[in-house]
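Right after this note come the structures.
The same chain A turns up in both complexes below, where it pairs with chain B and then with chain C.
Showing the complex of A and B:
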């Protein structure tokens, strides 16, 4: 039974890899790239929010830092984004550890409030900082060496880059989920006092998780900057933080599959609605997100995946019986 | 330093708005222990409601709060009845509280964006003049709003401390179990409380309209500041929220003079984080 499930997932994954060979629609490619991007951000949020239970609503700040580091290294110093992305991740991770360390004395909603305030502060500082060209933002130039400077004119290379990144991340999270570290994180989430009693220092694990989560979000931000080729401080608005949280919650918080499922279901759906209700240009997708979010929290707090796991197994059981 | 009195006056005016929004947050937190992340969006709804009452029905902008209070009270009550109470009765973890109210905020914001577009709108009022008080120039709309705000704040204080219903609300906030034991219907109190919280945000919105512009994302401007005020003034304290709001308004306007207006957000938010952390550390030391 488990084997059928694995075969199903492998086939689904192969389809995702082969999609660019069958379609030339750049609109479709764009939707898929953004879906993977949101998936990536959401999985990285889920490591902090889901696994160790610290609900940050400031992840847009880390996405922004990643985008700015990679972009400034490229524009000012000519350093390739292939190096800029991981560097952005490390810088953002360290930054996050430093600013979150004092915030971890706060619990529950207060921690969330502090993260919102931190992201808002950072955005405000960037708006007033000449080095990052204030609120005008930075346009990324095109060069002649797309493979070195990650500035492809076609969408297909971006598709494979982000699909590769997401695949690596999913593999990492699967390993993390069953590792000693993963269990330590979940122990801290469930009960900090118990964790401390069995020699798991909650603060230490929170900081490790912060580094991983913020670093990964920054890598996603760096990719986003290379893809969209324009960045400005509005990337750090709270709405983008919320957007990165939603797939994880709707799919199933604290699970490996939750954010993947949430992003795959929601982003294409909202894009479809946006294009079919073209008279309403903005806001439709977020209305959909918000309604689904409210319904999920109200009726199914463990997310779609909790419901799906049962259904999927029933389906296979019926299939096997026949 | 001749601008100082003027700065202080402006600080008190804008601070009184923060007070009113924060009182709404505070009463909701005090009774249900819910941190309401959509308070700013409730203000936005109040502003739009007032805007359409003025432009479509031609009402006087200072009469709209009466209708806005009723509308927002009903709306808040429905939100509490349909969404928040069920979640609280399931156990009401931090997780569901935070993301339910965040989701509501997102919903309101984007419905407004869909229906009214992201344009900034203002109303024209006849008496947008200013007058001279002890040599200081004071804008009349701001002054009227300030007076109405003071009256509303006093009425809320009176309601909570003197009336039966207010006493029931305070009892529920101090000891939910005890309140239930003496026969207070806590579900009903919750609905009324959230209704009042929403009505306060709506009132602030309606009073803000005569001299501010309304747009779908306006909630964010006030939301975080309302949290700052609540933390400054102490959670669950109405008086604290009132003075906290004034202090924040002053901090912001004086800070804007010292470091320049574009960095005032940073000052407010950084001081907020510091206060949050110090409060927490101080409290745990005391225990």
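Showing the complex of A and C:
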């Protein structure tokens, strides 16, 4: 059973790798790249929100920091994004640790409110800050060395870069999920008092997780800036925080596969609805999208991954019997 | 030899004085009972010893070291483990992993997850929860939660174990099983135990010494045989005898 599942996943993964060889539709490639980008952000959100249970609605702030750090390093100092992305991650991680350390006194929804405030404050700060060229935003220039400065004119290199990044991240989360550190995170999520009673310092692990989660979100933000080639403070709007939370919730919060499945489902669905329904009447696609979300939350509040897993196993059983 | 000394400990919650100048010692390798009516301050005292509260006044000496200002996880490292009166299982995690996490982060500091699970299996066999090892903690019953609490506390390799009403709400058969279990923990592993309990028959059988609290004050400290005949204790539990009845 386990082997069949692994084969299935490997085949699905190979199909994703081979897609660019069979299509030239840049619209389709764009949807896939943004899907992977949302997947990446959602997985990194899930480390903080799912594994250790600190529900942040401020991840757009970290995405924004990552985008701005990588972009400013590139535009002002000519530093390659290959270095800018990890640097943005480290800066964002440290920033998140400093800001969240006092916030972790707050529990549950109060913590979430603080994270919303963080992203909103940062956006307003950037709107009025000359160094980051205020609300005008920054346009990333094109150079002659796309492999050094990550400014490809084709979408295919971006496809492979983000697919590679997501693959690394998924591998990291699979390891984390089974590691000793993963045990500490889940213990803190389930009960902080229990954690403290068995020699786990809840604050320490929350801060470690914050660093990882905010750093990864920033790397995604850095990539997004290189891909879209224009950034402005509006990328820190709460919509983009929610965009990173939704796939994890729909897929299955605190699971490895949840945000992956959620992103693969949600972004293509929203694009499909937009292209097929919005010609009838403006907004119809959003209504349908919302209804789908409501139905999933109503009937599978713990996410669809567990339910889908059981269905899939039953299907394999039937198949094997025949 | 003394394992734990509680010296002049007071605890105020704003205007409410939960504990007033409580003094007592726990000897190494012994079982000490802690009893008292509801609201007497037993659980507050537990929280002070395990570090969830800090005393307003007084010192708590563990193995010769003042621990009154240490955090709970630092005290766990020194060898104090506790159970919670209302069990706090890790709900979405299997019973086995609930215990394994104690091995991973407790005083044994096992770094290998599969090794920790192996040890957890042995411990679950000892505490009698082996059959339910793969259940998620949220799917277990109340008595299994109590057993899980006890197992997880033991997994951290304590020298002093604080048990907060582990037998409350259990049926007589289960109570008997827990009695034997606690005695074995005390004898075989030489773990000092401080236990809060309302089941008097159980605590009389177990304890080498009983401390009685009432309204935050220690009113008696003696061997069980003398405690049950102590006038003050009877008065606290049953009320005053009417003179002209």
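In the analysis below, the second predicted complex is superposed on the first by the 306 of 322 C-alpha atoms of A that agree within 3 Å, B and C clash if a C-alpha of one lies under 4 Å from a C-alpha of the other, contacts with A are read in each partner's own complex, and residues count from 1 in each chain.
We adopt the following convention: a residue touches a chain if its C-beta (ideal position, glycine included) is under 8 Å from a C-beta of that chain, and two chains touch if they have at least 3 such contacts.
Keep in mind that what you see is a predicted model, and the values were worked out from it rather than measured.
In the superposition on chain A, A:301 makes contact with chain B only, not with chain C. Shared-chain residue A:113: touches chain B; no touch with chain C. In the superposition on chain A, contact of A:28 is made with neither chain B nor chain C. Looking at the superposed arrangement, the partner reaching more residues of chain A, out of chain B and chain C, is B. By the touch criterion defined above, A:82 reaches neither chain B nor chain C. Contacts of A:172 after superposition: neither chain B nor chain C is touched.
In the superposed model, A:200 lies in contact with chain C only, and not with chain B. In the superposition on chain A, A:287 contacts chain B only, with no contact to chain C. Applying the stated contact rule after C-alpha superposition, one finds that A:152 touches neither chain B nor chain C. In the superposed pair of complexes, A:183 makes contact with chain C only, with no contact to chain B.
The residues of chain A lying in touch with chain C in their complex are 178-180, 183-184, 186-187, 190-191, 193-201, 254. Contact residues of chain A toward chain B in the complex are 53, 55, 57, 102-103, 105-110, 112-114, 116-118, 120-121, 124-125, 127-128, 238-239, 242, 245, 249, 253, 280, 282-284, 286-287, 289-291, 293-294, 297-298, 301. Here chain C touches chain A in the complex through residues 50-52, 71-73, 76-77, 81-82, 84, 88-93, 97, 100-102, 104-107, 111-113, 116, 152-153, 155-156, going by the rule given at the top. For chain B in complex with chain A, the touching residues are 35, 83, 86-87, 90, 93-100, 102-104, 106-107, 109-111, 113-114, 118, 220, 224, 227, 262-263, 265-266, 269-270, 272-273, 276-277, 280-281, 284.
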